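I have placed the structure first, in the form of structure tokens, so that the comments after it can refer back to it.
For clarity, chains are labelled A, B, C, D, E and F in written order, and residue numbers in each chain start from 1.
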Amino acid sequence: MTHGTDTLTRPPARLRTLVAAGLLAAVPAMPAAALTTEERAKRGGEVIRSLNNGQPQPNLERMREEFPFLAEATEAYALGDVWSRPGLDTRTRQLAAVTAFAAIGETAFMKIHAGYALNAGVSEDELKEIIYMVTVPAGFPRAISAARSLSELFAERRLSAEGGTP
Amino acid sequence: MTHGTDTLTRPPARLRTLVAAGLLAAVPAMPAAALTTEERAKRGGEVIRSLNNGQPQPNLERMREEFPFLAEATEAYALGDVWSRPGLDTRTRQLAAVTAFAAIGETAFMKIHAGYALNAGVSEDELKEIIYMVTVPAGFPRAISAARSLSELFAERRLSAEGGTP
Amino acid sequence: MTHGTDTLTRPPARLRTLVAAGLLAAVPAMPAAALTTEERAKRGGEVIRSLNNGQPQPNLERMREEFPFLAEATEAYALGDVWSRPGLDTRTRQLAAVTAFAAIGETAFMKIHAGYALNAGVSEDELKEIIYMVTVPAGFPRAISAARSLSELFAERRLSAEGGTP
Amino acid sequence: MTHGTDTLTRPPARLRTLVAAGLLAAVPAMPAAALTTEERAKRGGEVIRSLNNGQPQPNLERMREEFPFLAEATEAYALGDVWSRPGLDTRTRQLAAVTAFAAIGETAFMKIHAGYALNAGVSEDELKEIIYMVTVPAGFPRAISAARSLSELFAERRLSAEGGTP
Amino acid sequence: MTHGTDTLTRPPARLRTLVAAGLLAAVPAMPAAALTTEERAKRGGEVIRSLNNGQPQPNLERMREEFPFLAEATEAYALGDVWSRPGLDTRTRQLAAVTAFAAIGETAFMKIHAGYALNAGVSEDELKEIIYMVTVPAGFPRAISAARSLSELFAERRLSAEGGTP
Amino acid sequence: MTHGTDTLTRPPARLRTLVAAGLLAAVPAMPAAALTTEERAKRGGEVIRSLNNGQPQPNLERMREEFPFLAEATEAYALGDVWSRPGLDTRTRQLAAVTAFAAIGETAFMKIHAGYALNAGVSEDELKEIIYMVTVPAGFPRAISAARSLSELFAERRLSAEGGTP
């Protein structure tokens, strides 16, 4: 597994693979105005899988049964409308999302989106730079807590790459 | 004035000019461990001018007289240490900073850093995408307040480009 | 003008009038899954007018030109999807919204939704009770700032009811 | 146990039982000006038991030994003064409180007050609507975290109703 | 007027004068358990005047008419119960309060309590140290905003000491 | 072990011992302008040990390997620059820090700094007063969560004083 230290070449190889495999083919760049919520939710599901190595997001699936509207809104609005917009490339969007979640102290969500960022070719070092920067707008506790969550994520992915399943 | 609508070409022309003019020459990529605070503050001043069209930041100058340590910390730590790190390009760092300031509701700081982002070749449309994304981690009021501040910034810069001095 | 002191009778007369006038007729209780974004935005516009004495929300209209996606998301998601859901009556939803905006310190949004609450038959005294309660989860500054915004709102509406146009 | 799915009939049966049993009799509607702190704390204890199926709040009892003033302030001010005010019915007050705790990210307190809300006849579906609404003022992470806490609460109460003791 | 630069001698002269004048005589150190709310509010009024050069707090007075419970709670609970407790000396309590208001971004309240701190013999330099420290837990924007409010306060007091009435 | 109940005599014995032992000798009161980052980090290490019974801070040490800049910034800026400033005595600075961490809901950091405060001669009762005060600016949940963390800290230190090693 090669995500990590190289901040210059940035090979979003996995993402390109997904697009090549047609997994992202259905994510249109056009405005959502003509889409039904069902279609937007479908598009959101594709965004998730494109970010998450082709897998659905387990928390979202769990939420679906008891909080169907929240699951639908996450899928159709957050992912299907916002995250599928073409105005920012995936790397930049994920780095910005990680910054926001870290700055407001939502470390669990930061960890999920940091994982998506790594999948999209962001390096571990770039994520660390984001965390360093968070000290300025939001103070040291938010940055330190985010650093701890990132450490966990890095360790889990290394374990997983070696054949374990965290 | 051409900052704005083109999200593909992104000409960080002004930044390149500053580098060419030697304004950024003194910002070394090396770790700060051997630098004195005075040198770090000098480096921070260069970062500011590279972001702010060659000008010092007026709020920072005002703070210097009555809150000298806070001005020094902003210059030496926030700008000289953090902002001068080479691990993120200027565009990505500024987009991430704008996201953080918008997400925590610090719109005045967001506006300053959105201006730096535009100076670094970020387009108006990319800033709008950041603001749209803020609805997801931080809710609609934060995004709507940020949108209002961005509108002011865009208007001030258009006025200024036409010869006015806001 | 009679909104105010009576916490028992609560006459959502204006709301009933709007429904009678057909303004709310197009707000269906059915799930949004089959609606297009255009239809959801239309439904959101109806929700706004039902809350705002038949008028559009001026801030939303201003946002539409420069931040079209944010205006659309506010209309289609926030109002068309969430606010149009039938599971809470208008009074309860508006009181809960006022509590949330006050607790997170978003007084401008609190003021707008407090106005909608008054239009829906909530009394001034009930809004004051909400503000008193905010001291417990969120502390005194948030409650005191919210009280100041409510005072402004009450004064503007009294002035407006007397023929002025704030 | 029938708390839950019916959003129309809303039987605050338990509350009515408590009132009938005289448990709420000592909670006067009059202003607190003439009451001593001891009397206000007593009134707060009655509010707690009226919300909590006749039981004291265990966290509050634990706090009493080491943080006596904080326990007294919670009892005398938060519950005895604020929560005992007659200007909002118990259902509305609890729904508003749940909204505030969810919006500021205090999920543990949200869970306690959501339990009181269920005791007062609020349905599970109404609590879900509150959580859906929280996405708008406070973003998706706050709503999703609140949803997770609510799921736990619902499961614990079902278990408890079946004879278990969580 | 001598409030300010001397961080060593710290002459809480004004406070001692007030005590000598009997203005603080009625603030008992005993627990509030036996006091009525009316007595606690009276005690809170004395706390305010002891902090505010013998004057009532104008914002509080304005609030009294339209939000009587909030004014009473501020006076009886916040000031009469909490602020009158003997476990912290006035200087330390005010410095801690200034830190809290600055850290949560409530600069208007910070400014009021910074004024009380100066009245109690805290120096301008000590308040600046508090603001410098806020960068660590809460980030630079909160500290810089607090610095700006402190600058205003210092200027207003200098103007006022020279005979102006801000 | 005698930390605790006496709020009047406050014997910062341990601190005086450290100074006598020369552990604090290298923390100069002069401005940091001429110091290199390496020297500032060294000074920060001395501040930590002076606060932490002569020991390094374990979390900081763990962070050093994976997030070297964040560890350096915490040591050189937060501790070496801010915490070493002479304008506030250690007791006051720690009480203010505890207030800030409690008010913004960062209880883990509050607990660490409350431990430093006890080491510096602050009494348990003074820390409790800080927590009581937090109800006013930041609401009851923040104060109650801080109280719970303080209880843990007090218990751990009692256990440790009796020979256990928590």
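Methods note: contacts are C-beta pairs under 8 Å (C-beta built on N, C-alpha and C of every residue); 3 or more make two chains touch, one makes a residue touch a chain.
All values derive from a computational prediction rather than experimental measurement.
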item	value
Shared interface partners, meaning chains that touch subunit A and subunit C	B, D, E, F
Partner chains shared by subunit A and subunit D (touch criterion as defined above)	B, C, E, F
Longest centre-to-centre distance from subunit A, chain (CA-based)	E
Type of subunit C:subunit E copy interface by residue overlap (half), same or different	different
Most distant chain from subunit D by Cα centroid	B
For subunit D paired with subunit F, centre-to-centre distance based on mean C-alpha positions, whole Å	36
Averaged-CA centre spacing for the pair subunit D and subunit C, given as whole angstrom	25
Intercentroid distance (Cα basis), subunit F paired with subunit B, Å	34
Multi-partner residues of subunit F (at least 2 other chains)	69, 73, 78, 82, 85, 101, 104-106, 109, 128, 132, 135-141
Residue numbers on subunit D that touch subunit B, as the complex places them	135-142
In the complex with subunit B, residue positions of subunit E that touch it	105, 128, 131-132, 135, 139-141, 143-145, 147, 150-151, 154
Interface residues, subunit C side, partner subunit B - complex	59, 63, 66-67, 69-70, 73-74, 78, 101, 104-106, 108-109
Subunit D residues within the subunit C interface of the complex	7, 77-78, 82-83, 85, 87-88, 92-93, 95-97, 99-104, 106, 109, 125-126, 128-130, 132-138
Residues of subunit D that touch subunit E when the two form their complex	31-38, 40-41, 69, 72-73, 77, 81-82, 85
